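Consider the two complexes below, in which subunit A is the common component and subunit B and subunit C are the respective partners.
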Partner chain A sequence: MITIKFIQPDGSEKLVSAMNGRSLMEAAQGAGVVGIVAECGGSAACATCHVVLPQEVFDRLGAPEEHEEDMLDFADAPRQTCSRLSCQVRVTPDMDGIIVRVPTA
Partner chain B sequence: MESTIPRNEIPAIIDVSFEDLMRDPYPIYKRAQALGPVVRIEAANLLLVTRFEDIVAIERDPATFSSDNPESNVVKLFGPNLMRKDGEAHQRERKAIEPTVRPGTATRCWGPALEGIVDEVISAFERDGEADLFDALAAPISGRALAAIVGFEDVSWQTIAAWSQGMMDGAGNYSGDPKLTARALEVSREIEEAVDRNCPRLLDAPDESLLSSMLQSGLSTKEIYGNTKVAVGGGYNEPRDAILSLIYGLLLNPDQKEKVLANPALWQPAFEEAVRWISPIGMYPRLLTRDVDLGGHILPKGTQIGLSVAAANHEEPRFEAPQEYNAFRSKTPHLAFGSGPHFCAGTWVARIMVTKVVAPQVFARLANLRLKNPDLVTVRGWVFRGPTSLPVVWDV
Partner chain C sequence: MKQIVIIGAGQAGLSCAAKLRADGFEGEITLIGNEKDAPYQRPPLSKAYLLGNLDAERLLLRPLTWYDQHQVDLRTGVAVATIDRAGKAVTLSDGKSLSYDALVLATGAEARPLPEDLLGGRSGVHTIRDRSDIEMMRPELDAAQSVLVIGGGYIGLEMAAVARGLGLGVNVVEAAPALLGRVACRETAAAIAELHEERGVRLHIGQGVTELTGETQVTGARLADGTEISADVVIVGIGAAPRTALAEAAGLDIANGILVDATGRTSDPAIYAAGDCACYRLPDGDLRLESVGNAIDTGEVVAGSILESGAGYTPKPWFWSDQFDLKLQIAGRAQPGDMIVVRISTIGARSHWYYRDGVLAAIDALNSPRAYQVGRKLILDGLTPDPGAIADPHRPIKDIFNETRAALFAR
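Entry: the complex of A and B
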């Protein structure tokens, strides 16, 4: 199991076990992380699954696709350097122990 | 619908007529929500899911609750399309239209295109001092915007409106009226002809339009036909009705209107509340791919259910006094754009067009806009619902 710590918009923490190969959004939503609404169920169409990754994880993943880039500009919480749509991020074993922030609108 | 509905086990509402549903479905939805997770509405011959969390859960399980229904009128009359596909087949076509409908494109491309359209439309009646905003404003704006987005250079808004009506009549033609079927097939052919006329230009000079995006991503002609029909059927009525509901909601509540006019950032919540309050698409179908236990009722594979997002958007206590328009309620997600993989592809186009262009312009140009007489406003429909007449007056 891969464990990821989410910091919710109010600052509280939630430890989430994530499955290899599923999306970060699915892991967060399954655990009821506050702020991951994920209205479009992972279609990269709603921008309600916005997270901020640690810099080194963000760098490792490579650039988001053009559509996600566009969508991130319209998320409720202002976009940050390491912002991603969590539905577009696959969980991998090297993510065990990372801290992911759900930004505040 | 299938004879497989287990009629005796599921609570039913049998004492309302189809006309009751058309006039005001909300009291019926409230009853349905109290009766159980799935309720048979006899007048519509449909099993309806009305509770918010149930709909969200269903939309998270598209393998069980399929959008694909080869027997539906829509697929039979208009051919396969992305709204009636699942899984990878759906994703592939959805990706093809993304470049046209993403928020950046809407901001850069469709918003500015709409500025000119809105200016022309309002200029045509601005000096009259009174109008019905359905015919004078919302229908032409929505139709012309959609023609531009699709890439139909030579199609008038009246044609878009007529096509949309023909498609809706055909889709809802459960009694098999041959006249409606014939008209729907004619509309289907006319749309295909318009696609054929406009595609050569877009192959030579690609742009941001829906047709162009589909051509660029290599969709087949059949796929392009099907998805263009979805855009006509789903991209004209809904923005039209949302524009009218937003204006209506604010005119009913002058205090809210003043606050929104003083702060353009508030157009966004005002718009979301309008589509929550009167959801333009009130219900859409799903087909069970296996036997499913819905709150203790076993529904057999092959059963069609309707997801009533209109009901969910009026669920208490999630939304307090849900029948009232209140742009200042606490921010709570609604289901007017659906949810899950088929979440409305045009969401951002609609949001940006209405909140950045149409609504601000209407209130800026029509001074002291007000309802002519609240009793003259009519709102109708349940599968599709919106104001059908919105007579207003303003100072000239």
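Entry: the complex of A and C
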């Protein structure tokens, strides 16, 4: 079991169990994390799944694809150094215990 | 307010239930759906799911455990048969009845079938709305060599792209003079037509189907100009109609959908409607949208109205469509007659900006996520970029965005 802590826009925390190989968005949406609307269901078309990762996780993942980069540049919550679209991030066992922030628009 | 009953366990029904709980409603919520499945995403049905790239479980909007955890009484495989407005109760197809303090109609829309005289009882002809429609079609598709798609709208074109991806021969017939009917401008329709033709889809635009061929099993179709097309499977994508029968039988007001005001309330103050089935009467006209974003937004609007905490509905129309390697993103509401400004970013990446009376009304972005995001934000803020700047590929979109916003604050 991979457990990830989401910090919701109002500052409250939610512990979410995530499945290896699924997207971070699916874990958050399934648990009803506030602020992860995920309207497009993972097509990288809506940016309503914007999260901020811990620096070391962000670094490990490698650069996002250009389409994601462009969506993030104009996301409703301003882009931060470690911003990602959570639907484009695959959950791996080494993510157990990490803290992911949902930014405020 | 103790008991809320939601009819229709789809995107809008779930959104309403989730928002009620998120906003602290502690009474009973019953979510009733006549499909077998718990609420799931429909868009992948004509995309990844049809390709076979996604398990059914991954379509679910929430895992099944969510409903227990949030005390949402989800009843699937049962339909609401009647609404008794005077007694504030509904009867179900399993004979049970349920009383409500507030009732939400989130019954969605249904795919328009081919007229019966064309269809003539033939098998091998499919409309797509539910997951079960895909399951029914899949074995036929697996055995097929060729597919005919009737209707050049988004769903039909997505299905055509997937069928090509599966290696099938694909014909698309569209009776109107262009693809995507009234919703897209000529420039968008032409770019999409070109993409499909490049990928080997044969398009027949401006051609109606005059008859289907085959005795009991469809073998193809004949078009108005005499062209004969053979096909093992026919997919019908000629639009959808709002499911209003239940509301109509209950005597609620109906327009192009179940008529509601800006708070989502029908002509009965205890009954609300959200999603594809609802027609919102707003100051600037009636609005019925068929999109995920709208289903989520209106589901939440209704929750807010029931709890008397909501601000009502401000439409934020947007849509996406994936065809081959094209990512199309659309924001705003286009109308025939809008002036179109074309912005070409790089090869294969372009956006079409719709101006109406000098005001930016909509944008279609083809593989242009930056243009989409900027256009969407400007439309929401009621801002209009200079058309000359938009048409100039050397002007970075970010600068145009900043200048347009700065002009507002300078006013």
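Of note:
We take it that the second predicted complex is superposed on the first by the 105 of 105 C-alpha atoms of A that agree within 3 Å, B and C clash if a C-alpha of one lies under 4 Å from a C-alpha of the other, contacts with A are read in each partner's own complex, and residues count from 1 in each chain.
The criterion applied here is as follows: a contact is a pair of C-beta atoms (placed from the backbone, for glycine too) under 8 Å apart; a residue touches a chain by one contact, two chains touch by 3 or more.
If you're wondering where the values come from, they're calculated on a predicted model, not measured in any experiment.
Of the two partner chains, neither subunit B nor subunit C is touched by A:Q55. Using the contact criterion defined above for the overlaid structures, shared-chain residue A:M71 touches subunit B and also reaches subunit C.
Judged by the touch definition given at the top, the superposed model places A:A45 against both subunit B and subunit C. Looking at the superposition, the partner that touches the larger set of subunit A residues, subunit B or subunit C, turns out to be C. Touch criterion not met for A:N20: it reaches neither subunit B nor subunit C.
When the shared chain is aligned, no partner comes close enough to touch A:T104: not subunit B, not subunit C.
Of the two partner chains placed by the overlay, neither subunit B nor subunit C lies in contact with A:T3. In the superposition on chain A, the residues of subunit A contacted by subunit B and by subunit C overlap at 37, 39-41, 43-47, 67, 70-71, 73-74. Note for the complex: subunit B touches subunit A at residues 59-60, 62, 91, 94-95, 98-99, 102-105, 333, 337, 339-341, 343-345, 347-348. Contact residues on subunit C toward subunit A in their complex (touch as defined above): 18, 22, 41, 43-44, 47, 58, 60-63, 66, 70, 292-293, 296, 318, 320, 322, 327, 329, 367, 369-370, 373-374, 377, 398, 401.
Taken together, the subunit A residues at the contact with subunit B in this complex read 37, 39-48, 66-67, 70-71, 73-74.
Taken together, the subunit A residues at the contact with subunit C in this complex read 22, 26, 29-32, 34, 37, 39-41, 43-47, 67, 70-71, 73-75.
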